[in-house]
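In the two complexes that follow, subunit A is the common piece, with subunit B as its partner first and subunit C second.
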Partner chain A sequence: MNDILTIKNLRVEGRPPGGSYVPIVKGVSLNVAKGEVLALIGESGSGKSTISLASMGFARPGCRIAGGEIWLNGRDIMKLSPHERHALRGDEVSYVAQSAAASFNPALRIGKQVIEAPLWHGAGDAATLTATAVDLYRKLDLPNPDTVGDKFPHQVSGGQLQRLMAAMAMSCGPDLLILDEPTTALDVTTQIEVLKAFKDIIRDQGTAAIYVTHDLAVVAQVADRILVLKNGEMVEEGPTAQILNDPKHEYTRSLMDAVRPAPHLVDHVDGSAAQAPVISARNITAGYGALTILSDVSVDVPAASVVGVIGESGCGKSTLARVVAGLTPLREGEIKLDGKVAAPGVKDRPRDTLKDCQIVFQMADTALNPRQRIGDILGRPLEFYQGLKGRARLDKVGELLELVDLPRSFASRFPGELSGGQKQRINLARALAADPKVILCDEVTSALDTVVAAGVIELLKSLKDKLGVAYMFISHDLSTVASFADEVVVLYAGRVVEKGPSKAVFSPPFHPYTKLLLSSVPEMRQGWLEGVADTGEAKAASAGSVIIGAKGCPFANRCTHVIAGTCDRVTPPLRDLPGELSVACHLDTDALPST
Partner chain B sequence: MSDATEIAKPRASVFAGLRLTWTATIAGSVLLFWLVLALFGPWIAPHGEAEIISGTTFAPVGEGGLLGTDKLGRDVFSRLIYGVRTTLLLALITTVISFAFGVTLGFAAANLKGWFDIVVSRIVEAFMAFPSTLLALVVIGAFGTSITVLVLTVGLVLSTSVFRVSRALGYDIGVMDFVEAARARGEGTWWILTREILPNSMAPLIAEFGLRFTFSILFLSGLSFLGLGVQEPAADWGLMVQENVGGLFLGSSAALIPAACIASLTVSMNLLVDWFQQRQQGETVLEKIDQ
Partner chain C sequence: MYRIILTRLGQGLLTLLLASIIIFGATEILPGDVAEAILGQSRTDEALATLREEMGLNRPAIVRYFDWLGGMVQGDLGTSLATKRPVADMIESRMWNTLRLALLAAAISVPLSLALGLWSAMRAGGKVDKTLAMTTLALIAVPEFFIGLILMKVFAVELKWLSASANTRPYFDFWQNFRALALPVATLSFAVLAHMMRMTRSSVINIFTSPYLEMAALKGLPKRRLVIRHALPNALSPILTVIALNLSYMVSGVIIVETVFGVPGLTRLLVDGVTLRDIPLIQACAMIFGAVYILLNLLADVLSIMANPRLRYPK
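After this line comes the complex of A and B, so read on.
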């Protein structure tokens, strides 16, 4: 047997605030062989991360390993002293967390942090270790491998930092590598380079790996075997191909069904007949302090329709929503809400204007005041906008709860007593309490499981039909936008690069950036990654990073079609194409990417 | 957890709910003991606050009074009991004053930002750069040693750190999404401060209150020891140390007993704050795990 890790009958317990210990992981057994990648999949709360931490003999504060054996390299690590166990970490096992940014110390140079663990374990002197690290940077395809170690964490992009994190994990030559959702926080375009780098390095070094994720398409690319978890119990285990193509268990099948089809394959909504716009943003320029994020952005949201806004992280999607809501004042341009010009700042807008346009935030957790009961959270806008009090207010809260498919009894709960999906429904209900004409939905499903997210989207659809409310739906999930939005706006580095009816945007001809976005959405097909990572587009895209406020076309440094001398000098204006589509690109219409 | 409905279980008993550690239990008992003495002191104390009960000054423990007598032949035990009232009451008043100042200004600075924040922050920093005892010496020297001056001075000195804590809390919580949501709704500053930010700053503010309270006891005792605080014949622990320090050379413990009492009060308070913070932290860590 060449198993690096064997876990037998692992049980982990956790203690909720003020309660007693409850089981989180209920008797899970697994093993990982040398050079093998085992994926742990399941919804949030299924115990994926808990198991991966336990394989280092570690439990989070408030949790404890209650039973079972954890054999690493032929030793039961539960029998080791805490000190011996500590010595394993960063030597025989290493861990890559979801957010690389949080794992690096911003004040130290990257190279120094990469070699810290092996140095501590006495694996060699700084010079040899640095040489090994540079070698790793090269294998991970990092730009300028010789000098990247001298940079500070904030000087590299998110995707690069995540790869550097992998370098840090690999620097001590571990036998077992644990990757906990290492690409979840990344954009699809960045995800490809990182996945490819991880896969290659694991193969190259023959490391055993545990890969934790909820994204099945990603699993299809990297895993050899898959373990499906539900509520801390093992549901099914098998080789990747079998689990993906021929799942035995009901639950696995339901997970597969929740995977959304690729954006160009979904049924598009047919744009409803042109309505008067409820939001009309004209030539918006806005930013924070000296920084200009949005330049010359124009977006219309017709009444009772859905306008999707897509683009990479940091391209200004949230900023756009904040500007429309008046939270971030615009510098230039004009916003009309329901035909009336709205003041730039929220303080100067009358209540009637405020009422018409509500915003729902990305993180359901932080958008609800943890010290207020649901009844008060929903009751406040009722009182504030409509002057409802006492009985009337109470009744309306109950109606709102029913509207978002929650029981009336939830009114007496605190947000901490709800699940993520339920919180997001409360968020929506709070927006609905104002009886708005349009709701700005900023990534309302991004923090949710696929299954739960699908429920929220269904709810949004039914509310639209029932109440005639319009949405500005911001998301980086192209499949959802493709199936939900009537119209789509593609943002890149604070500029609109393409917009039009959903169908037109997601079918050729494409703007080169839209094309890149679409081809980066992982498919549930083994081998997809290898195919896509080698295309010229992916290579060009990973070579550069987003520059906000660049001269000329913002995409010029990552575009394969770049026209030297033109693209880097002149900003392409949005020009109209047939079928209500607008594209900002210097290429002739028939030269635009069309596959 | 996809269905986190069972978190709010009824608690077995109040004490189980508090999850007291043994240090917290001891510290709590000590504080409770002093509190009871402060409340019922006059009925418990065998003698009056300034009553001279014996001709022997600095009588040892057990002779002439339970804990001996002090430099004037007063009963140390009785003065100790009266002293806890003064000490606790003054500490409470000064801490409340410091919170009234500090929290109002801190939240206002975090919310209004801009020049107001800059001006207030610089003034507070200037105050902090000045040694607090020196500051108190100057103010009390200028305005005389009355209880009002004393209380206001100490309250002011303490409020600088309360200001910094509240300002930081105000900034941190002020950018959270639920506050943004309130702003987007059109809520005014008052609502945002009192309904959104304040309830969510309670835990750290309570801990800060405990720490400032402790500091106030020490500071007031220090001032009394310097002769700037509570004046004779009123009893105050700091003052008692100062009065009887001469007795140390005669083998009297009249100065050591109040000193030990001050220590017991401050150490207990600190332990309780530690427990509270740990408990709070434990909860937040667990909340994260539950997602």
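After this line comes the complex of A and C, so read on.
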């Protein structure tokens, strides 16, 4: 038997504040052999994170391991004393969390945190451990491996921090590595380098790993075996190829169906006949303090249509929405809402203008006041914009709830009693309460599971058809945008690099950056990662980082097609190509990447 | 970072200037002036006018303000009306008594409250935590003079271990000093302990739920190390603010303790000054208390700026 970890009939219970214990994990068994990667997949609430933590003998506050055996390296860790169990963590088994930005202590230097576990467990002195860590940094392709450990977490980028967390987990030379959604918070372009780094290091060290994720395309790249979970129970288990190509269970098949096809493979919406724009943003320049985020951005949103805005995090997508809504003042440029020039600040806009343009934020959790009932959350804008009171207001709240496919009885509930998808629907209903002409959707599906997100997109589509509302749909999820948007705007470092009808943007010729984005979207095909990570484009892209406000073309430092002397000096203007497409690139139309 | 600190220092100075205006204005509003106070009941209008002329009291208030402020800056605190001695001399002899009480109380209460706060954070919800919460809340709820009197009754009157008078003499040895100062210092410490301790506890517990503490726990570190090494550095800012507020409260709140234990300190000098309408003395004492208050808060702000790596090492 060369199993590193064997879990038998694991049961974990959790207690909501003030409640009694309810089962979360209901008797799951699994095993991981040396050098093997086992993926746990399922929707949120399926218990996959809980199981991965339990394999370290750890339960989050409010949870407890209620039963079962957890054999690690031939010992049942549930029979160990708490002290012995502490000694295992950070020594024989270590953990990589979803968000490195949140999992690094902001007050301590990175290097100290990386070697903290082995130093504490007496694996060596600080100097030797630091030398080992620097080796790891080098293996993980981190820039400046000798000095990166002296930095504080806020001084390095998200992708680098995620790789540093891998170094932190590997620094103790564990037998078992737990990876809990380690790339979910990353951009697709960053995800490739981090996935590659994880895969290489697991193979090099022969470590066994548990990889927790909800992204099947990612699983296809890293896992040897897959275990599908639903509501704390095992649904199906098998080798990666079998689960992906020939799923036996109904639920696994439904998970597969929820995966969206790659952006260039979807049936694109045909741009509807040109309508008068409800949002017309002209030459917008905006930023915070001395920092300029958006430079010379122009976007039109025609009535009753969907304009997708895509780009990596930090490219100014959200700032664009905030500027249109008047939350962030613009420095230059002009915004017209429904044909009328809108004041730059939200305070100076009359109520009618405010009513026309509503915003829906990413995190429904923080956007809804937890102490107000749904009825009040929806009732307030009804009163404010439409002057509805008493009975009329109550009726309209019910109508709004039905509009977003929720029962009327939800009016008396608090946000805390709702699921993530339901909260996002409430968030949307609140925007609809103003009866707007356009809704700014800022990453509204990013925090949701694939299946739930698909439901929200369907709802958005049906609302558009029913009410004729337009959306500015901001997302980093290209597949969703590709299947939903009539037109697409690609932002990079605060500039528009390409825009046009969805079909034209997602088919050749591409802007080099659009090409990079598209080729970075993981495909559900084993071996895809190796193929894409070795391309010149991916290497060039991971070598440079986004520089906001750079001279010349902002993408020049990461582009394989760069024309020396031109791209680094002159900012390319948006030029029109056939098919209503506009591209900001110095390359001749024939030379633009096509495949 | 240095720019932020310099700005903060500038704000501190500005606040101090504002305080001086308020103090001068307040003594200006008081009925009667120095000349009336000096001449007392037997004043005639003529004598009053002459004295005012002599003391320059006929000049506009703004001229006298700058005159006074200029003196302050140069260390000239004016001359007391009651004793005719320079105010600086009177304050100097008293200041040490007050400062000694406050410093001793700070040296005991700050580390103690931090330690107790961390201890109850580690045992949150447990017996230690609950007992500490009850005791410190009780101490905060009872007024200081009452605590002082109880301590005096128990330790000085009944047990006769400690002295009820905090008057020390230059020839006192260590034990005599200890006997004299133990009770007032304890009373002062109790007054500020609870607030600082509870802030430490709640700031640290707040951080317990953050992912980086879970990460540290999954490295197999014991709770002690999680609290001190991982949670405390991130909780410093609110703790420092509360410490500064309590210490500055202590410096001005020391009056009750000085009265109860008969300490000839600065606050009693201020009260005496008010009774005798000794305006230069009142102004000088008020300025000193104001300066201490502003200085302590300034110090807390600067320290929490320096404790923040985001500000220390910008990107």
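Following the convention adopted for this analysis, the second predicted complex is superposed on the first by the 594 of 595 C-alpha atoms of A that agree within 3 Å, B and C clash if a C-alpha of one lies under 4 Å from a C-alpha of the other, contacts with A are read in each partner's own complex, and residues count from 1 in each chain.
Here, a residue touches a chain if its C-beta (ideal position, glycine included) is under 8 Å from a C-beta of that chain, and two chains touch if they have at least 3 such contacts.
Values in this document were obtained by computation on a predicted structure and should not be read as measured data.
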{"item": "Room on subunit A for both subunit B and subunit C (clash or fit)", "value": "clash"}
{"item": "Which of subunit B and subunit C A:327 touches, first, second, both or neither", "value": "first"}
{"item": "Which of subunit B and subunit C A:452 touches, first, second, both or neither", "value": "first"}
{"item": "Touched partner set for A:527, first subunit B, second subunit C, both or neither", "value": "neither"}
{"item": "Contacts of A:60 with subunit B and subunit C, given as first, second, both or neither", "value": "both"}
{"item": "Touching partner for A:86 - first (subunit B), second (subunit C), both, neither", "value": "second"}
{"item": "Which of subunit B and subunit C A:579 touches, first, second, both or neither", "value": "neither"}
{"item": "Partner chain(s) touched by A:363 [first = subunit B, second = subunit C, both, neither]", "value": "first"}
{"item": "Winner by number of subunit A residues touched, once subunit B and subunit C are compared", "value": "B"}
{"item": "Region of subunit C that runs into subunit B when the structures are aligned on their shared chain, from 76-84, 130-138, 166-174 or 220-228", "value": "130-138"}
{"item": "Footprint overlap on subunit A, where subunit B in one structure and subunit C in the other make contact", "value": "60-61"}
{"item": "Contacting residues of subunit C [partner subunit A, same complex]", "value": "209-212, 214-222, 225, 229-230, 233-234, 307, 309-310, 313, 315"}
{"item": "Footprint of subunit A on subunit B - complex, ascending", "value": "1-9, 11, 17, 19, 176-178, 180-187, 195-196, 199-200, 202, 282-283, 285-287, 289-291"}
{"item": "Subunit A residues within the subunit B interface of the complex", "value": "14-19, 43-45, 60-63, 325-327, 346-347, 349, 351, 354, 358-359, 361-363, 365-372, 380-381, 384, 413-414, 416-421, 430, 434, 449, 452"}
{"item": "Of subunit A, residues touching subunit C in the complex", "value": "53, 56, 58, 60-61, 86-91, 94-95, 97, 99, 102-108, 116-117, 120-121, 151-152, 154-155"}
